[in-house]
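Structures given as structure tokens follow.
Consider the two complexes below, in which subunit A is the common component and subunit B and subunit C are the respective partners.
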Partner chain A sequence: MSDLNALLHSRSFVELGARQRVAALLDRGSLRELLDPFARIKSPWLEAQGIVAQADDGVVVAKGTLGGRPAVVAAIEGNFQGGSLGEVGGAKIAGALELAAEDNRNGIPTCAVLLLETGGVRLQEANLGLAAIAEVQAAIVELRQYQPVIGVVAGPVGCFGGMSIAAALCSHLLVTREARLGLNGPQVIEQEAGLDEYDSRDRPFIWSLTGGEQRFACGLVDAYVADDVVAIHDRLLAILEQPGEALPRSRQYARFLDLLGRYDAVPQADAAAVRALYQGDQA
Partner chain B sequence: METLSFEFPAGQPARQRAQVGCVGSGDLEVLLEPGPAGRLNIQVVTSVNGSAERWRHLFERMFAGANPPALNVDIHDFGATPGVVRLRLEQALEEVSNV
Partner chain C sequence: MSTVLSQRGLNWLRALTANAAAQPGYPASVRVVDASLGGQPARYIAVVPDADNRFPRASHGEVGLLEGWSLGRALDEVIAADRDAAVKRTVVAVVDVPSQAYGRREEALGIHQALAGAVDGYARARLAGHPVIALLVGKAMSGAFLAHGYQANRIVALRDPGVMVHAMGKESAARVTLRTVDELEALAARVPPMAYDLDSYASLGLLWETLSVDAIEAPQGDDLARVQACLAHAQADIRTKGSDLRGRLGAANRAASRRVRELLRAQW
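Showing the complex of A and B:
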């Protein structure tokens, strides 16, 4: 990155909104949005609770091509209600993935890319949101039998809660340095474990444990890329070109359970100890 | 949360629709669609109560006597300042006029 020209002309992916991100990835002219904002399929639950709803419920779904391959891309808008996933947004993503699986059974090799900026379930929609996330997870597992389902966590929201499980089920997972990935968000952990254990305002500490670089070093994600539209696009195409034959991470649970079984929870965890644990060279 | 309606005289219908912005903190979402000739209808859903006068002044400054295109405008506001509202509206109007 010492090339000044490259730095001056790079375009941040993190700074783009959900709709712009989808447009930046799909082949030019191929994008067709499904249930766009003018369809006005928004949350029926938020306005009853005095919260202004967004016309697309914070989820953008589009079909198109990626390097000439049929693809569906779904993006969560992190700026709307913290990227929380409710009944409608969840159903949009699950439905898109189910249709992609249907395509594959009909001989059309549709792959999927999920752009995840989400704190997880939308608490105002409670069980309906949780059910929608379960449907998304089931649809990922179904589609990944046929074609890659690539998760991208770019930041700045990160990916937490039930959607972090959805991310872990993806056949490939791609992160930037801005990304964070974890089951519970920092404030939830601080509230449960106490300030001494986990200070949610200590940003270097939070990123050292849940940030993209750390997750990559621990082997919990497959690719660590710069926050750059071209770099992310090229890496997606490279994965689609050569998806590899590796067992999905969620099928490697025996290895992960063995590693976690060796973890000593008494001393305060730090980034180096966690890396060593996942890399399997610590007793 | 409040829902407000406004109407202004307008010219011919716009030729296309546009969506800009996001219902994020201090921002708003604007949806423009071609409306019946001669009328600009605006519906605002805002998280800020008691702000009807401010919206009316802002729209009057932008649209009164300006012969805007005929549109149905939907605004979903999450506490945007008048400056941000005006920028978003101008952005959306520019998109519907770029045929």
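Showing the complex of A and C:
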């Protein structure tokens, strides 16, 4: 009966927009959005291409507290241009992380949460999107020295391109079953490598390799949580309470080079072989 | 299909290090050479084609699984070796990378995490006080450039039609944005961040310096001397001005990047 109650009262996180997601996570009453839509800082590049710009460029940044701790949350809106990062949206995330690192150097222990729904670089702003992502990555590594930088990939867009690298730099990474995480989008792999290598229309195949459940089973993310606002919120607070002292995954080259050295790369890869490798039970 | 593999990265790496021996224990696609720059010790790193790469989608000089993690290793070694040194040695990334590796093995095994290993190494080297310089001698594309070069304090590019920075190849970019290649090229001519040529890229303010050379495929003589002098100048500039990436924000075409940061700071 309590299971049924829990189900009836659960609230989907995946279905929330970026601004609602930020509000659902920060402590009640603590949220203060920075560069909100009334600041009207839009992309300077889209309108020349006949694309309607958005007053927040698809990124919501807010300060507040998480379990009483000073925090900044940045959320990418997957419904605007596929969650792609252009100059302004990228600068909002990088700039916020840079200021959080500065806070820490000044004795304020600001942590960060990144809600990632993104296809990566916004190709209409190509090289400025790429540059901004390099700066986001730099800022994650810088802030991670002081406080957790927690990435959340909830879905449904997932996290791809340069922002998948950014996700992989976070001190902790959470996914749901609705998440996908991978460097290259399926269409691009198919375009570059051919249909036999990667069939972008074979959705079960793609989910089997890059879906949240597989990434968790392979140890490529830290937590696999239900699509539920309370579950995600509670897991974030638990991480902030006890961040642990594990070496960040992006520093574990010794382990991954060892595993890849033992991997038989001749046959084409499948989900089971990769799980076996990363779970350490391959002979 | 015959693809001519670019040897520019390898040729410049050899020339800049006077053919010094590469560090052992790395895959053939990642060359790590300890030499000097302007009389100071420096580690030079290049990702180069390896036709026999165990991962076939990374055999043309792409940055793949082994390459990403090995870059992370090459940088971590430098950070560890100089942990207590007063002067941290310089790292020079020689960049000629056509793309990240696009493949099923790569996605399945987590190439995004391998490339994060490389970014992590470069970023931590910079934060630890190592001057990090990227020298662009060929392609610097997308995730490959993020992993190998884009974390540098200073980016130097050679002026040549084969030197190109971009987020995605034209065919794929056209497909993803639902445009034809012709339409993409027409827009690229008007919108500087979309362009594929080096002058447009230079207008974004991300390059510290560009240099013309006479023979980019065969570095020697005056060409080599001028590039070495420029890298040494970059090294000295970093030691004077510090190791962050603020130097990239000055161009008119990055006005929005500056404005966002100013407003964030004001509202913080």
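Brief remarks on what is shown
In this section, the second predicted complex is superposed on the first by the 280 of 283 C-alpha atoms of A that agree within 3 Å, B and C clash if a C-alpha of one lies under 4 Å from a C-alpha of the other, contacts with A are read in each partner's own complex, and residues count from 1 in each chain.
We adopt the following convention: contacts are C-beta pairs under 8 Å (C-beta built on N, C-alpha and C of every residue); 3 or more make two chains touch, one makes a residue touch a chain.
Note that this is a predicted model, so its numbers are computed, not measured.
Between subunit B and subunit C, C touches the greater number of residues of subunit A. By the document's definition of touching, neither partner reaches A:279: not subunit B, not subunit C. When the two complexes are overlaid on their common chain A, residue A:131 makes contact with subunit C while staying clear of subunit B. Applying the stated contact rule after C-alpha superposition, one finds that A:142 touches subunit C and leaves subunit B untouched. Of the two partner chains placed around the shared chain by superposition, neither subunit B nor subunit C is touched by A:12. Touch criterion met: A:47 reaches subunit B, while subunit C stays clear of it. Those residues of subunit C whose C-beta lies close enough to touch subunit A in the complex are 54-55, 57, 65-66, 69-70, 72-73, 76, 99-100, 102-117, 119-121, 123-124, 126-127, 142-143, 145-147, 150-151, 165-169, 171-173, 175-177, 187, 190-195, 201, 204, 206, 245, 248, 253-257, 259-261, 263-265, 267-268. Subunit A makes touch with subunit C in their complex at residues 34-35, 39, 41, 43-45, 48-49, 61, 63, 87-88, 90-92, 95-96, 98-99, 119, 121, 123-135, 137-138, 141-142, 145, 161-162, 164-169, 181-185, 187-189, 191-193, 197-198, 209-210, 215, 218, 220, 248-254, 256-257, 260, 263, 265, 268-271, 274, 277. Those residues of subunit B that touch subunit A in the shared complex are 1, 17, 19, 22-25, 27, 29, 31, 33, 45-47, 74, 76-78.
Against subunit B, the residues of subunit A that register as touching in their complex are 17, 19, 36-38, 47, 50-55, 58, 77, 79-81.
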